[in-house]
Amino acid sequence: MNAPARIHELSIAGLSIHSRTGPIVRDISLSLRPGQPLTLLGESGSGKSLVAQAVMGTLPPELTASGAIRLDGVDLISSSPDERRERWGRAISLLPQEPWLALDPTMRIGPQVAEVHRFVRRQAAPQSSALARTNLTEVGLGHAGALYPFQMSGGMCQRAAIAIAHAGGSGLLIADEPTKGLDADLRDRIVARLKQEVDAGRLLLTITHDISVARALGGTVGVMLEGRLVDYGSAEQVLTAPSHPYSQALLNADPQTWVGSAPAPSGDVVLGGRGLAKRFDNYALFEDIDIEVRAGEILSVVGPSGCGKTTLGNILLGLVEPDAGTVERRKGISRLRFQKLYQDPPAAFPPHQAIRKGLRDLVKLHRGRWEEVEALLERLRLQNGLLDRLPGQISGGELQRFAILRALLLDPVFLFADEATSRLDPVSQKEVVDVLLEVVGETGLGVLLVTHDHALAEKISTRTVRLARRDT
Amino acid sequence: MRRFLLARLAQAGVVAVVVGTLCFVLMRVLPGDAAMRIAAGRYGPDAAIAEAAEKVRQELGLDQPWPVQFLEWLGNLLRFDLGHSLVTGAPVIEELKVQLGASLWLAAAALLLSLLIGPAVGIVSGLRPNGWADRLGLAGSVTLRALPPFVLGLILMLVFSIWLGWLPPAGFGSWRELILPSLTLALGLAAVSSRVTREAIATVAKAPYFAFARHKGLPEAVVVRRHGLRNAAIPVVSYLGLQAIYLVEGVVVVETIFAYPGIGHALVHAIVERDIPMVQGTALAMGLIFVAVTAGVDAASAWLDPRLRRAQ
Amino acid sequence: MRFALFLAAAATAIGLSSAAGSAEERPLKVVGPWEIGGIDPAQSGYVFSRLQVAETLVSADPTGKLVPALAEQWSVSEDGLTWRFRIRAGATFHDGKPVTAEAAAASLRQAQAGVGVLTQVPISDIAAEGQDVVLRLGKPFAALPAYLVNFGNIILAPASYDASGKVTRIIGSGPYKVKSLTPPLKLELEASGNWWGGAPEIGVVSYLAVGQGETRAIMAESGEADLVFSMLPVSVERLKRDPQLEVKIATIPRTRILKVNAGSPFFDDVEERQAISYAIDRAGITKAILRNPDLEATQLFPPALVGWHVSDLPPLEHDPDAARRLLAEAGWELGSDGILEQDGRRFSVTLLTYSNWPELPPIATVLQAQLREVGIDVKVSVGNSSEIPSRHRDGTLEMGLISRLYSIVPDPTGTLLQDYGPGGSDWGAMGWSNEELQALVDKLVATSDLEERAPLQRRAVEILQEELPGIPITWSELAIIANERITGVQVDPLEVNYGLASIRWAE
Amino acid sequence: MSVETASPSISRPRHLSARAIGAALLLALAAFAILGPWLIEADPARQNLSASLAPIGGEYLLGADHYGRSLLARLAHGARLSFGMAFLTMITAALPGILFGLVAAWRGGWIERMFELLANIVLALPGLMLVLLLLAFAPGNFGPLYLGLALTLWVEFYRVTRATTATILKQPHIEAAKLLGFGPGYILRNHVGPVIAPLIATLAAFAMATAIVAISTLSAISVGLQPPTPELGSMIVELLPYYAEAPVHVLLPAVLIFLLVLALQLVAQRETR
């Protein structure tokens, strides 16, 4: 194992980042020392990623940074592109978000680690391979050197990224949303791994919207809102007695702190499945499952990723054919009244179409009235001005509420919410869930909530079904 | 692997039968007197074509009914006998050996040269989209696309044979004669493949794994070599496969102006002169080349992209 | 002195290595437009004849006079029915076998059974008698020796033929033998070593067929080729200015003719045909397209065709007004769209031509524009050469622009016989016949005495000039480019034999 | 990392200008092709052999060809014909290509396999042969020429459409649209259309160039259009022998083709994000 290059302090003083139209990040000051990991919390667009980019030196050319970022006294902002590049991998390592996309899909994982030894640390080829094996073993991937990224799980990919950081031996680790898209179990393991890095003497800067990550890492926590650092202090202090109202809202948005508010069923079964089974390749996702959703209830299906919970929901919606078993819908109800919310809200809207056009076409298709849309906008607390934007220009939380709005236009009796809030920051998640609960209460809609977040399921569902992952 | 080969063999069989049948039908529904055309093809325009045509008609049994002729062709095909050219009298297989062989050499040389030019220009353009190299690449590509190949060929002849005196303008037999025709073709190919490569490289350069390779600390050249080229090669290879198919027949004009004995030239003559066995034999050979090239491209893609390997 | 020697040695070494990379002799590089399709003499015998691989019994000198070749001498019986050709003693095929009368008779029999010109001769029997090949005719045919000059009648060794009589390889008797043949483009020759005329000056020849005229010009310009045949008119002018090249031009007995269907209402009156002729600006065509004003076809045969060119014949002229007047006299009136009309029929015709000769489509384009000036609408269709005979046969041909060769046999009588016989022929008249002309031709066929023939020939030419069954447009030339490296190049307007054997490297 | 808000707004102006240049160029070419023949009085078929190869800028604005025909008039008529025909060929190739691609991607199964087979057979058949065979039915006519070219060109449109559509159709927003009751027509138009449009535009630009160059190539082997039709490709072939005397004359039609391809390329250029 490479002993990390010793770095004593990263200090940021008065950092501002400007675009042509004005400042996006204002006056950030913070510092980072060995043994004291720093976690930046905030919603997307709050500027927390820009801070990480400024440290890394990867800000887009149209953005300019001012202030000071000092790594053991060396100013990073004024350094030349070559100097910045010189630090990558050697002094500063980046743990990319969604590492399964950041690893070369056409190269085995071993060589992807080994090349750091070979081309960054100038080792001979055989030695590089041997060292790479060591790095992989350190993160528990000793057996995986011959695998391609597409053959590995998200957690394995994240650990491989850590192994790459080890290989470079850098002293500062920047983790950008390291747990995005991972289930709770994997998340905990990644966080544990990151803590080991801190213990090994590395500086760790983590960017996340997940409060539990910040809580587990400890050290220092900063909360960012609209480009400003609104709260900054020890994890204990910020996460228990925050000084800023937004920090408080953030904490309140954590499902663990919610008051239980599960709706009670108000009617008959709207949808049921009997003896459902599904296999993929030669491997059974689940077998012999009976499930029913009643009007007015939220039924949660929880389980780790890969357990088949999304497939189950799709079978109930009729999007996937089960290998065995039957699905029954309540008689005499149009198929259009069974709707779905998606995990990644931007992917659920056509990227080239303004929201208004999509809604208008939908209203026209079903001969509805635009007034319904306007009423719903108000009810779901969505601003009129958002209508003319493209899906990529709207926050995830707002977009997910538009997805609910879209579904409500069809007067649904059943809604399959497939990890509908897992990609949202806590505040947005809370807003979406609140809206959903209101709607369930008002319309008597039956919801099938698929999630890996046990806390969330526990707080809002009428009933919970657990699926386990079967090992191959 | 065996399934892959078997599937390809089956495809080759289907292509052979369909292409053969299509040619057979098309050639026979063409208007005009075939015997006349064959006679003109054989004896040239100074000859007494009409008298010669009568002899051709008797000699070749062109007045036999179609089904008989077709079954005969099919039967011969099963014995790998493609018949004799109606014009030259030589066995079709011999003609193909010479002409197709020459064309394949030309095509291979052109593909190789275009590989040296197109992707190189494309990489330089794609790494800095909208940079000056990219703009220059676009202008060059559009220029080459707008110039008919015979104009390009003439320009190359003027430059390399007359002006510089380095290379013979026409002929065949050694590598020196191969350069100009293959360069003419290669520039045309590179005009498009450089843009395809540019797109591929630009896409790869935006990919998170390309950024991550940089963030790992790898020098830029290593990033491009180890993480850029292979990934960008995946779409480029499938495109080059398509080009290779167009190439073998796209050579006709180049063959004509460089006096190079190739299949495109022969095919044009065969169609004009209604040399049915030659047309069928040529189309068949090209169909099989198509199958071989697609198989090669699939194999190359699978080698480049492990994700495809599993899918197979 | 030693230094000079060294230089000379070095120069020799460089010369050798650049020639062929080895001690091989530097080949004479010949480039021409003719591709070698099949090797049947009727198909590509002309290549083997011109490059002196195979020989005929009789040959012709550049003026068209018949000269001995494989036959030392020949004679005809009193009744004109039996011809004897004495085979040259000492002539040898490339396989070492002597050229015998038997072998020659066998070759001729194959030619007669094929599709060549010999099929037009009324031969009843071909036999070998001692040293003589004897041809017996059904009726007198004075032009027989001239017919034997044709490349289809080359004499090949018996080993050239397979059992069915098909030619499988070319074993001739000329100064060069085939070293390798890559159809359709390349032919490599080497000295045969046993030619009766002695060893050729240059021992190795390589012939490359280059179809594209521009490429041939560049082959000459770049010095890649030593001898290039058939230049585009536009290149000739440029190459003349190149000091390293010598341009040789000969007028050849080939005429570009507008073949008209004299049986159709458009061309049935001689006035109409004359009007067409008046409408054509031959001087413009020869200047702009052919770049040689001497090629203006003022009559059917060019001056080079001695005895057939009548210098005091009133020339065909360009006179659009005369054309309009004649057309008006023939009953054509200008319609509202500027096109002539008669009885509700528009003077709108299709002009068929073909691209085997690259100058034909451009000339057709010019004719189209010029005929439009006198109110004739012409659609040009560039197709396959076989379309002219085939549309002649089914009677749908209206106009055709053709290139007619009068030296297929060195005596144009043969061609006249074919072209202007009763009912015309593929490449000759269509829907037109003239009894006087037929009588003249019949007499010419049976007569070999020059004095006797002269007035007959003159009268035939006059008839063709008055009646215009085919309208001559331009004559043709053969342009040959020789690099200054070589000397001794001769132009043969009849294109029987290029005389490669007497070409030498210049000092 | 999230800087979605910043970058597109920065790169847009530069992008627009390239597009604007392309559009302006295209407009100018269209004007030349449409209005040119109408404004230029000279007859493109009218010859004047004494003005053969007249120089540029003299009595003839753009010189005259070897027959002494006004090159300006011929270029204008040629542009109308060539661009029109290239456009027609492209449309004839693109429409079935796109349609088949969409159907194959949407329906999958045996329909897709059938289209794949069809595309493979067309690819396996030498395209040149198809064109020559069709031309043999009506030599020198537009119909078979453009039909033959379209027959060989549609495959590329088909392949690109099918492959791209197949990946789009796997995305959640398609499933969502289906659940919301939208039909195939709406989805293909509003969800698939905007994504494949720029790809198709690039292909179309190249296909039009291919069509014009192919016509000139066919003219070079004497199977193109019949004289005196002014067509850019065959004009190059006609003038080629005079390259040494009048090189600019030869290149003029090529310049028009170049400008067309360039304009189409610039207009079709994809957003580089």
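In order of appearance the chains are A, B, C and D, and numbering begins at 1 in each one.
The rule is short, and it goes like this: contacts are C-beta pairs under 8 Å (C-beta built on N, C-alpha and C of every residue); 3 or more make two chains touch, one makes a residue touch a chain.
Note that this is a predicted model, so its numbers are computed, not measured.
*Asks:* Work out which chains are contact partners of both subunit A and subunit B.
*Replies:* Looking at subunit B and subunit A together, the chains touching each of them are D.
*Asks:* Measuring from CA centroids, which chain ends up nearest the centre of the complete protein set?
*Replies:* Measuring from the global C-alpha mean, the nearest chain centre belongs to B.
*Asks:* Per the definition at the top, count C-beta pairs in contact and tell me whether C-D or B-C has more.
*Replies:* Pair with the higher count of C-beta contacts: B-C.
*Asks:* Could you work out which chain's C-alpha centre is the most distant one from the centre of subunit C?
*Replies:* Measuring from the centre of subunit C, the most distant chain centre belongs to A.
*Asks:* Roughly how far is subunit C from subunit D, going centre to centre by Cα mean, in whole Å?
*Replies:* 44
*Asks:* On a C-alpha centroid basis, what's the spacing between subunit B and subunit C, in Å?
*Replies:* 37
*Asks:* Cα centroid separation between subunit B and subunit D, in whole Å?
*Replies:* 21
*Asks:* Just how far, in Å, is the C-alpha centre of subunit C from the one of subunit A?
*Replies:* Spacing between the chain centres: roughly 85 Å.
*Asks:* What are the residues of subunit B that contact at least two other chains?
*Replies:* Within subunit B, the residues that touch at least two other chains are 32, 154, 256, 272.
*Asks:* Where in subunit D do residues touch at least two different other chains?
*Replies:* 240, 243
*Asks:* Which parts of subunit A, given as residue numbers and ranges, touch two or more other chains?
*Replies:* Residue numbers touching two or more other chains: 58.
*Asks:* Taking all chains into account, which pairs touch?
*Replies:* Chain pairs that touch: A-B, A-D, B-C, B-D, C-D.
*Asks:* Applying the document's contact rule, which stretches of subunit C touch subunit B when the two form their complex?
*Replies:* Going through subunit C, the ones touching subunit B are 31, 37-38, 40, 42-43, 114-115, 119-120, 166, 182-186, 208-212, 214-215, 218-219, 221-224, 354, 356-357, 384-387, 389-390, 392-393, 403, 405, 408, 418, 425-427.
*Asks:* With touch defined as at the start, can you tell me which subunit B residues reach subunit D in the complex?
*Replies:* Where subunit B meets subunit D, its residues are 11, 14-15, 18-19, 22-23, 26-27, 30-32, 129-130, 138-139, 142-143, 145-151, 154, 192, 199, 202, 206, 242, 245-246, 248-250, 252-253, 256, 264, 267-268, 271-272, 279, 282-283, 286-287, 290-291, 294.
*Asks:* Mind listing the subunit B positions that touch subunit A in their complex?
*Replies:* Checking each residue of subunit B against subunit A gives 207-209, 211-219, 222, 226-227, 230-231, 234, 304-307, 310.
*Asks:* Note which residues of subunit C are touching subunit D in the complex, please.
*Replies:* It comes out as residues 213-214, 232, 234-235, 238, 281, 284-285, 287-289, 355, 361-362, 364-366, 368-370, 372, 379-383.
*Asks:* Taking the touch rule as given, give the residues of subunit D at its contact with subunit A in the complex, in rising order.
*Replies:* 1-7, 10, 171-173, 175-177, 179-182, 186, 190-191, 194-195
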